[in-house]
Each structure stands twice: as structure tokens, then as C-alpha cells.
């Protein structure tokens, strides 16, 4: 708690009026109960023997002084002041016959109890704070050795996994070779396209081989080009777009547009 | 650890021979010592039992270790019902140099912590009644942040206010074995300041940090658990009160 | 600490009285014990000297503590010239908990294993040729870890590459009596592992895992046996090949 700071200049003026020099910094208190407790302490007596009447008067004096200084007091300080003023008047008047309401001395005792309880918990807080605290007064091991989780891998695989992995791997290799092959194929469609272009401007017999040369730049293409071209030729002959002739076995094939049917036409 | 013996064989040994003289007692003690030294957290007797050779007398071992380390610079202590090594309390002033700057709790927070500690389970309204001043949300948040207090449940009264209590970490931090070991608890109880207030009409011991809820406590609501740090937000307390602490 | 004496006085004491019997020796020892315990880092003798009461015989204290903790579950050890508490070496098993994890081999590892199985003895380069991608060192390390493959020898060709083969463990795991029991091409085809179309272009070797080296194999070099797990490190294979398996 901040030490209560007397408003020194004001205190002088107050003392001139013969009032108790009990002017304290309101900011240092945590609510009216705290202020009351501090005032009680100033009575320098055991809380059990505290005079609630005297305490009430001191509190009211404080509030009055604060008001004169135009200090803004929080509402709960004023509520407490009003209640204490009421209590004070009750305490000063002769006790009325026992009624429904609690007697003035009961009220005073209840207030004293609250103060004692606050004081007690403050003492407890102090003692708690004074206990040896971990990381401040006592220390745990600075370099603990936490349990390491050692993960041991146990691999599982079945014969099926093994065989399918092998088969997959070997076939992938095989299939990739087939794919390469495919690129070297001159398809029937390609052959037919080429022949139709040829037929378009064909007036006379032309050697098929000669025309196909342009597609056989790569030697590897030769068999597929020849085979596809022959198939396409025969197909077009059948449809009547093309005539074909061969002078002797293994001799060059001659083609011409139109559906003329000469005698020799087999390969 | 290779010395695992059957439970039946151990029984025989346990019945016949005093623990200290059993052949593996010294080894079990070394293992307990190593486990307690190595662990970053306090260990319970059961934690130890599960890691020690079967049939080891854990209680005897712990007693021996506590006695053995008693006069040393490092002690075996019991906190929150568990065991851990700590530097000896009387050496605090020598070790203080190692302290990493800890945030010191404000007086208001320390007082609030004390009220929660001694009166738990306790509601915010009850804390405020004792202190005679509104408790700011910041104070409770700060305390929740330390990990020393927790939301326990909701009191079965209109408004269902949250009840607060302390955690095992609180006991660890303040070196308490049980909440009943709080300093000055007997005096406070004797003066009639502790019991009865919070749980009016219920004659149950206060404080209690037991996990089990009291008869007058409900479990927390689902959303309490989700919105932990901001829980207090919509409770009907006037936080703007200039008399609020801090 | 209250007993601060002048350095001169200490000198006198040091010369006259054996350290263990000096009145504050026990206290200094307690402090040293606490400091060593609480420190997150090992402490040097000088670190300790600066924190102990003046004139404390740090060396004697350290010797005593080391001797004292020697037979315990926790030892005071010297690491790189500094002192720290460590769990006794023979109790290191307490600090580890074994968790067996079931793991699946990656596709790449499975394929590599399959090729080693059928084509053994086989070099890494040969595996890569068959698979058409680089084989990462990690894949072979994983397979060595399984205990299913082993280094057999070195092929008698330039570069002397290591040859791989399977182990008896491999046979155990896959429930094979002999490596020759592995299905051949016809059986693979019959079981539907290989399509008929592809089978025409394939030949599947008959594997052999005989211990005896082949004619084209040399025994492993001495250093192969020492540096087993990292053996592949300096083989001239481009692991950074983007086509390398996962």
C-alpha cells in the first residue's frame, strides 16, 4: 500500500482549525473498507477494541476534508460515509427497544468483523507472498532430463506388396518401350491422307515408292510407311478412287487416279 | 529392469524381509532418485511405482531419500501430493541471482489470490464483498494467466456466477503439499473468517481445491471452456468503477 | 554469507586447516550442490567460485560431491571442463521409452527391395537401370534399416560398386523358405501380376542369396563394414536428379 501522504500545505490550514491531521491520499486506498482499516490502524489499538464510533467520525472528517478540497470521491466512499453517519447517529442516541432492525451495536460489530476479516486476509496474502516461491526462492532442476520417446520403426510389407512392386516396375519398363515403338508407326489414316493428296493432281501413272520417299526419310519408318501405304492403296482401289498396277513380282507399284481396271494389280 | 520377477515371488520377499535389506532395494532407490531428478514435473508415488522394479517399497524409498537429502543443498520435497527435488529454502538469498525477472503481482492481485486460496470455491461477488471494492477483470485475468487459479464451476444461485479455485501449479509454486497446509489457515478458521461465508448453510470445509465440485456448484458451461480468458466479460460487475483496484 | 572474512584471514585458514573441517565448508558444499542443481547449463569451477563464500575450496567440494553422488542414481559429471548433474549412465534406459512404430515402406523402397530380391547380387547402378530412375541414398538406408537387405561384396568392375542382396531376415519376414521359392515369370503371369502382353518382353532372373560370393564379386572392404549406414555417401550417383525417387 502506498504510504498515506499528508497534503502538507492543506494539513497546516486544517490544523489551524483544530481538526485532526488525517488527510490522506485517496488514490492510495482501495475502496472505503481499505480506508476504514487504515484509519482503524491509526487508533493504534487492537482491532478487537476498536471504537467504531471514533472510526466513523474519522472517516466522516476525511470525507469532509476531501470535499472541501473538491476531491472527487468515488460513489462507494460517499455511500459508506452516508451509512457511517447513520450509524454514528444511531450509536449516539439511546438504544430503542428491541425491534425488527438490528441494533446499532450489532451494526457496529458487523463492521468491525468485516474490517477484521479484511485485515486477516491481508495478513494471509502477506504470508503467502513471503513463502518460498518456485523460481524466486527455491529452484527446480535447471536442466531436467525429460524422457525421450525413442521411436523404433517396424516395417511391414507382405509378399504380395513385394511381388506387385516388382511386376509393376518391370512392366513399366516394358510398356515404355512399346510406347516408343508407337511413335514410329505411320497409321493407315496418315497413309490414306497422303494418298488422297497425291490422287488429287495425278494425271498419269506414278511410282508409289517415289511418292512415298518423302515419308521415309527415317529408315526406321520405311516398313510401316510401305505397309500402310499399300493397305491404303488397296482400300482406295476398292472404293474406285485409285488404280494400281505392278509389272512383275517385287517390281515397283504404279498408281493413277480413277477407277480403271487394268489386268495386273496384285502385290 | 531385467530383474522382473513374478508378482508371486515378490509377495514372498515383501512379507519376509524388511525393505531396506532386500537385495534390489538400493537399486530401486537409485532408480527413484534418477527419475525424480530427471523429471521436469513432480512425480507421484504411483508414477514412481510404475517405473520401479516390481515390489519396490516406494514409500520407504521416498522416506529415505527425503531424510537423506534433508540436510543437503537440494531437498526432496512433497508438493501438491507429488515429489520433486528443490533447492533448499535457506539458500534462497544465494540463488536469487539466477532469478529471471518475474512479474510481481500487484497488491490487489495478491489479495485476490489470497481470498481465492483461503475461501475457495469462491465467486467474484464474494471476493468483492471481502475486499469491499470491485475486482477488475484484469486482476482475475492476470491470476488466470499465472496458472495458479482456475474456473471451477458455477454456483447454483441466481445468475450462476463462476466459482474460482486454485490449481496444482499453485501448490507447486508456493511449495505446498495440500491446500490445508496454507499458512495461518488455523488462525483464520479459529477467528471464524473462513468457514460458512461462501457456502452458507452448507457445512463443508473451506478451502477446498478438490477437483470434485461442491453440492452448490454446477459444472462450467461449454462456452466457459472455450472463452476462458474472457469469461468475466459479461458478468454484471461495474468494471468502470473508479474505485476498482489497480 | 554473513561470515565474510577478509582475504588475508582466509589465506591463514586455508593454510592451516584441512578444507573439510573448516566451519563453513559444509555450507559452501550445500550452496555448490544447489547451484549445480538449479543451473540450466553446466558450471565451471570458476563459476562456482564466484558464487561461493570467499575462500571456499571449490576443487575439494567438487571432488567430494562427485564421490558422494558416484554410487547414486544421479552423478555429478564433468563435461567439457564444466560440472553438471546427470542421470547415472547405467540408468539411461529410464530416460527413454521405446515406442515401436509400424511403418510402411515407400513405393520407391518397395520397388527397390523387389529388384534387389530378384536381381541379387545387384549394384545400385543396375537397380537404377532397371527402375529407370535414380535411387536415393535414403531408400537404401531405409532398406538396410529393415534388416532385409545387406551389402554382399563389391562387383569386380571399374569403380568396384557394392552389391546388394537379401538376408535370412528377409525370408523370415516374407514367409519364404528359400529365395528360389519366389515366383518366376510364369507364376507372376499366372497370378495376374504381369499382363501376358508385357510378359513376352520380360525375363525374370532366378535370384540367389547364397552367402558365397559370385565369381564377379570381391569381399567388402574393411571400411565398408565400419561405415555401414553411410556407405553410399560417396558413390558417384546423382542424387539431385529430379527423376530420383521420392
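By letter and in written order, the chains are A, B and C; residue numbering begins at 1 in each of them.
Here is the rule we go by: a residue touches a chain if its C-beta (ideal position, glycine included) is under 8 Å from a C-beta of that chain, and two chains touch if they have at least 3 such contacts.
Remember, it's a predicted structure, so these values are computed and weren't measured experimentally.
Return the chain whose centre of C-alpha atoms lies at maximal distance from the corresponding centre of chain B.
Chain centre farthest from chain B's centre: C.
Name the chain with the Cα centroid closest to the overall protein Cα centroid.
Here the chain at the core of the arrangement is A.
When the centre of a chain is set as the mean of its C-alpha atoms, what distance in Å lies between chain A and chain B?
Each chain reduced to its C-alpha mean, chain A and chain B end up 32 Å apart.
Starting from the mean Cα coordinates of chain B and chain C, work out the distance between those two points in Å.
Spacing between the chain centres: roughly 42 Å.
I'd like the Å distance between the centres of chain A and chain C, where a centre is the mean of that chain's Cα atoms.
36
Would you mind listing the residues of chain A that make contact with two or more other chains?
Within chain A, the residues that touch at least two other chains are 139-141, 145-147.
For chain C, which residues are shared contacts with two or more other chains?
In chain C, residues 34, 37-39, 85, 87, 94-95 touch at least two other chains, as defined above.
Help me check something: in the complex, which residues belonging to chain B touch chain A?
37-40, 84-89, 92, 95-96, 98-100, 102, 105, 107-108, 110-111, 113-115, 117-118, 130-134, 172-176, 182-184, 187-188, 191, 193, 241-243, 245
Show me the residue ranges of chain C that touch chain B in the complex, using the header's touch definition.
Per the stated touch rule, the residues are 1, 29-35, 37-39, 51, 71-74, 85, 87-88, 91, 93-95.
Considering the complex alone, what residue numbers of chain A touch chain C?
139-143, 145-159, 161-177
Using the touch rule from the top, collect the residues of chain A that touch chain B in their complex.
1, 30-34, 74-77, 114, 116-118, 120-125, 127-129, 131-141, 144-147
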